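Structures follow.
Here chain A shows up in two complexes: once beside chain B, once beside chain C.
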Partner chain A sequence: MASQRKNSRGESLLLRYAILGAWALFCLAPVLWFLSIGLRPRTEIITPQPIYWPSFSLDAWHMIWEDWPMAKYLRNSVAAIFGSVIIDLVLAIPAAYSLARYTYRGRDDIGFYILSTRMMAPAIVAIPIFFLFRNVGLLDTVWALMLVYAAINLSFVTWIIRSYMLDIPKELEDAARTDGAGDLRILWEIIIPAILPGIITASVIAMIFAINEFLFTLLIASTPKAYTMSVALANFTGGSDGLIYNAIALVAFLAFVPVFLVVVAIQKHLSRGLTMGAVKG
Partner chain B sequence: MSKSSLSDTGATMVAPGAPTHQRARRRSKRLKAWFPYLLVAPAVLYLMLITLYPGVYAVIQSFHQVKFGPWQPVGLANYARLFQDHQFWGAIWNTLVIGSFSLVLQCVLALAVAFYAYRDPWVKGWRIIFLVPMLFMPSAVAFIYKLSFLDARVFADLLMRVGLIDGNIAYQSSIWMSRGILILADVWQWTPFLFIIFVAALQGQDEEVEEAARLDGASWYAIFWNISLPMMKPVIAVALILRAIDITTMFTNVFIITKGGPAFGTETISYFIYRTGFKFFDFGYASSASVVMLVITVIVAQLVVKRAFISARS
Partner chain C sequence: MARIELTGIQKRWGAIWGVRDVNIDIADEEFIVFLGPSGCGKTTTMRMIAGLEDPSEGEIRMDGELMNGIDARDRDVAMVFQGYALYPNMSIYENIRFPLRMRGVDKAEHDTLVRRAADLVELSDYLDRKPGALSGGQRQRAALARAIVRQPQVFLMDEPLSNLDAKLRQAMRVQIKHIQRQLRITTVYVTHDQIEAMTLADRIVIMQAGLIQQIGTPDEIYNDPANTFVAGFIGSPPMNLVEGDLQDGRFTAPGIDIAGLTLPRNGKVTLGIRPEDCTVGGHSTQLKGDVYGVEPTGDITYLTIKAGEKLIEVKADRSYRSELGVPETVAFDPARIYLFDSETGQRLR
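What follows is the complex of A and B.
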C-alpha cells in the first residue's frame, strides 16, 4: 500500500521499470553472451558472421585443465590472495584501533598518509618494486604477489575497520577497563568480536581487488610459474591461432562465481566497505 | 663518577616502597604514550616500503640513464626530454579525455538508475543484478569488449541487423571510436560501484523529510533535486574521487584492447610508463614520468582528497 501511495505523484511505474529493465539488460547481455562463448567450440567464435545460437561444447573446459596448468594458476591465486588478506588484517587491526581509539599528536596525518597510499598509481611504483623484488630474488614467486596485494589493500582495510571501530560505544570498553583488562585484551576480547562484520567486509573487498590486480602481477609473474587467474587469461593464446576466447571466458566465470556468492552474502555492508566507511549503508 | 652512579641505581633498586613505584609508573606512562604509535607503526612502515621507498628510488633513477648497462648519471636530461615528448603530453591528454568522459557518464547513469531503484520494492534484487559487471576480473571484461567489438564484431553486426549501418565499422582506425570502446568498457564495469554507493545514501536519508516534502506537493524529481542531491554531495564526492583514482590509472583495458593505438590515441599515462620501462627498457626515462605523476598525485591528494574525506565524515 505504501509503495502504491508513493507512486501516485510524478512518476509512472512503467517508466521506472522500463529504465531498470533496460539497465539490467545492459548489465547482463554481455555476460550471457560471454558465457555462450565459453560453452561453444572454438570454430564458432571468430567467424565472418557472428553466431548467436552456437552448438554446445565443453572443449574449453577440457582445454583449460589439460593444456594449461590451470590447477596451479588457481593455487597461486588462492595462496596469494589469502596470504595477502591475512597480512592486511594483522597490520590493519592494531593500526585501526590506534586511529580510532587514541588521541595523540600526528594521528590525523598518519591516518591520511595511510589513506593516500590508495592513490598511488601502480604504474608509478611498478619499476622500483620490480627491481626491489628482483634484487631480493622474489621475482616470479607467489610470495612477491602476496606482499604486493597486501600493500595495495592495506589502506582500504585499515580505514574500513577503523570506521566500524568508531561505532562501538566507549562504555563497552570502559566497563572492561574497570574490571582491570589491558588495552590489548580489550582489543582482542571486546572490539574484534564486535566488529566482525567490518572485518569480513574488509577481507572480501581486499580479496576482490587482489583477484582483479593485473599490472603488478603481469610484471612480477614474468613466467607461468607464478601466474594468477587474472594474468593467465591474457596468455590463453594458441600461437598463430590467436586468442582462445572460449578458454578465457570459462576462466572468467570460474573466478566470477565464488566472488559473486561471497559478495551477495555481505551485500548489506558493501557500500560502506567500498567507500572506506564514508557511507553507512 | 661511574661508581657513584652505579651505587645510585643500586640504592634505588634496593630501596623499597615509593620511589621504585613512581619510577615504574612513570615508565609505564611513557609506554602508554608510545603505545598508539606502536600499534600503527607496522602498517605505516609496510606502506612506506611500497610508497616512500619506490618514490625515492624513482627520483634517483630519473636522474640516470638506465638502459641494460650500469646507471649513467645524466642530470636533468630525462626531464628535459620528457617535457618535449609529444607522446608524454598526449598520454596525459588521453588519460584526461577518456577519464572525464567515463567519469561523467558513470556518475549520471548511476544517479539516474539509483533514483529509480531505491524506492522500488525489489531494490535488493536489482542491486544484485546491477552488481554483476563489477565482479568480473577487469582482464576478463577487457576481453569481452575486445571480442565483441574487434574480433567477432558482434556490435557492428547487431547495428547492421537493425539497419543503422551498412557494412563494417573500422574502430581500430579511428581514435575516437577506440577511446569510445575503452570508455564503454569502464562505464559498463564500474557504474555499479557508484550505483551501490548512491542507493545506500538514498536509502539512508531521513524519510520524514521526504514524507513532509511530498505532503507539501513536491514531486519525486523535485525532492531528488532539492533534498536528496544536496544531502548526497559529500558521498558523491568521495565515490567520484575513488573512481577518478582508478580511472586515471587505467591500464588493463588499454593493454588488452587497444595497446595504446591507433596513433597513440588511447595511450594512458600508466601505459606510457609501462611501454617506456618494460618494452623499451628505458627505465630512467620511465622513472622521470613516474616522478612527475607522483608529484601530481601528492598535490591532488593534499588539495582534494583530504577535504572530501573529512567533510564526508563530519
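What follows is the complex of A and C.
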C-alpha cells in the first residue's frame, strides 16, 4: 500500500516534470531558434530546403560588432531603460502612496487621469513630442529616450505600486507613527520594503515595454548616437545588403538578454509575499 | 508617567457617530480598560488618545498639556495593535529598536534597551528572527517589547490578546499586568472580553454606542451595575434580566414571585439576578419552573430553568444533575437582587 502510494507519487512527479519541461521548451524554442539562425552562415538561412544539421558560423556575430556600433546601441538601450525605470520609481512611489493613503478632493480623478494617459494611441502625441524635444535640444539623445520611456510607463507603474500599497495593513503605518516615524520615514522604512515585490514587478514590466518601444525611439533617435537595439534591428532590414536575417536574429537575441538577466536575478522577489507575518498569521 | 483627561470628546465622520460624549480622568499609573461590544467607540477613543485620529469636539490633555492637533509621533505614547503590526522586513531586534531610532535615543543605549525589553517579555532567543518565523504568542510579545522599549508615558493596547488562543491569552494577561505594575506606566487597554477587563483593570470604562455607560473598579462594575447594559455585559453567564410587575415591594413575573423588596415604587420593572446568586432546590417559592438544560463543566454545573417564557440561568452545585422538564425551584439571595427601570434600563435604588 505504502509503496504503491510512493509509486503513484513518483509518477505524478514525472508527469509534472514532463508538463513543465514541455512548457519550458515551448517558451524557449523561439529564443533558441533565433540563436541558431544568428549563429549560421547567411547562405544557409535563405536556402529553401530544410537543413537539419546547420553549420556554425560567427559571421553575423563579427558583423554586428565590427560593422555596426552594436556595443553603443546596447549601452544606449540599457541606459535609457534603466534611467527610465529609475525616473518612474522616483515619481510613481510617492504618487502611488498619495493615491493609496491620503484622502483629498479629486484623488480618484487624478488616479484616473494618470491611467488615462495610457489609453490614447501613442501616434497621437508623436509629433508634439518630437517638437518638444527639438525645442529643448534633446533630440537624438539618450536622455530624451529615458524621459519618453518613463512617461509611457509611469501610469501603470504608479497603478501597480498603488495596488500593492493598498494591500498593506493600515495598522503597520499607525504603529510606525506611534513609534515616532514621519511620513517619509514610513514610506522609506516600512512601505517600500513591504511592497518590494510590487516595485520589482512594475520595474520588470516597464523594462520590457521600454526595450520593445520602437515608434518614439525611431522619432527621437535620428542618428546612431541615440540608437537603441530596437531601432538597430530595423537597420538590418534595408539597404544595399538586403535582409540580413542572421544579424537580425542575433541582435534580437542580444536585446532579449539584458531583461532576461534582470528577471533571473530578481525572480525570487517577484512572487515572494514580503508582508507575510506582518499581521496575524 | 502621565495623567490623561478626556473632556467632552466626540468623533463623527459625516453623519456617522463614532464617539458621542466621553469624559474621563485617567490617573497616573492607572490601568484603565475600555470595554464594550464592537462598534461602541472604544478603539476610536484610544486612537484619539494616540493621536491617530483627531476628535471632532472636546479636549485631550496629558499631564495638563493640550494634545489636540499634536501628531502621534510627537506624543509620548506607545501602542500595541490587535494584529501586532510588526514590520515584516525587519528582524525582531530591529522591530524593537525602531522606536528608539525614530525618537532619537542615543545609539549607544540601543542594544541595552532592546535586550532589556526582550528579556522582560522572554523573547531574547528570537531577536534575529523575522516576524514571519514567530508564533502568534511570540509576535504578540515582540509587539509588547517594541511598546515598552523606550518607557513611554502612556501605553495603549488595542485588543492585544484577541488573536491568541485561550490558554495563551491567560498567560499573556498575567504578563501584561505584571509588566505594567513593574514599569508603572499609565495604560489604556481596549477589549470586548469582560474577563480581560475584570482581571486587568484598576478601573473599567464600559461603553456602548459611543457613550460611557459606567466607570468603576471591577468590583463596582460587578456589584453595582448602573444599568441593564452593564449588568448584562459583565458576568459569565451574564445576569438574568426579567421584566415583571412591582407592587408594594412584591415582584411578580411568570413563574417568579418575590416579596420583601424595599423599593418605594409600583409598576413595570426589570429584575436582575446573577446566576451565582441563586440557590437551587429547597422550599423556595421565588422561582418555579421546569429544567430546560443542564450543563456540567466539572467545577460547576450550569442549570437553565424555563419560567413562563423566560430562560433563567443558574449556577448549581458541581454534583447537580437533573432530567429535562423536571419541576425545579430556585431561591434568590435578597441582597443580590437588582431592579432596573424597564423603559430606560437605569438602575432603581
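The rule is short, and it goes like this: the second predicted complex is superposed on the first by the 212 of 281 C-alpha atoms of A that agree within 3 Å, B and C clash if a C-alpha of one lies under 4 Å from a C-alpha of the other, contacts with A are read in each partner's own complex, and residues count from 1 in each chain.
FYI, a residue touches a chain if its C-beta (ideal position, glycine included) is under 8 Å from a C-beta of that chain, and two chains touch if they have at least 3 such contacts.
Given the structure is predicted, the values throughout are model-derived calculations rather than measurements.
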{"item": "First (chain B), second (chain C), both or neither touched by A:190", "value": "second"}
{"item": "More chain A residues in contact - chain B or chain C", "value": "B"}
{"item": "Which of chain B and chain C A:182 touches, first, second, both or neither", "value": "second"}
{"item": "Touched partner set for A:121, first chain B, second chain C, both or neither", "value": "first"}
{"item": "Which superposed partner A:234 touches (first chain B, second chain C, both, neither)", "value": "first"}
{"item": "Which of chain B and chain C A:24 touches, first, second, both or neither", "value": "first"}
{"item": "Which superposed partner A:200 touches (first chain B, second chain C, both, neither)", "value": "neither"}
{"item": "Set intersection of chain A contacts, chain C complex versus chain B complex", "value": "274-276, 278-281"}
{"item": "Residues on chain B engaged by chain A in the complex (per definition of touch)", "value": "33, 35-37, 39-40, 42-44, 46-47, 49-51, 53-55, 57-58, 61, 109, 112-113, 116-117, 119-121, 124, 126-133, 135-140, 143-145, 147-148, 151-154, 157, 188, 192-193, 196-197, 199-201, 203-204, 214, 219-222, 234-235, 238-239, 242, 245, 248-249, 251-252, 255-256, 269-271, 273-274, 277-278, 283, 286-287, 290, 293-294, 297-298, 300-301, 305-306, 309, 312-313"}
{"item": "Residues of chain A touching chain C in the complex", "value": "169, 171-172, 174-182, 185, 189-190, 193-194, 196, 274-281"}
{"item": "Interfacial residue positions of chain C with respect to chain A in the complex", "value": "47, 50-52, 71-73, 75, 77-79, 81-90, 98-99, 102-103, 130-134, 136, 139, 146, 156, 163"}
{"item": "Touching residues on chain A, where the partner in the complex is chain B", "value": "3, 6, 9-11, 15-16, 19-20, 23-24, 26-28, 30-31, 33-34, 37, 45-47, 49-50, 91-92, 94-95, 97-99, 101-102, 104, 107, 110, 112-129, 131-132, 148, 150-151, 154-155, 158, 183, 208, 211-212, 214-215, 218-219, 229-231, 233-234, 242-243, 245, 248-249, 251-252, 255-256, 259-260, 263-264, 267, 270-272, 274-276, 278-281"}
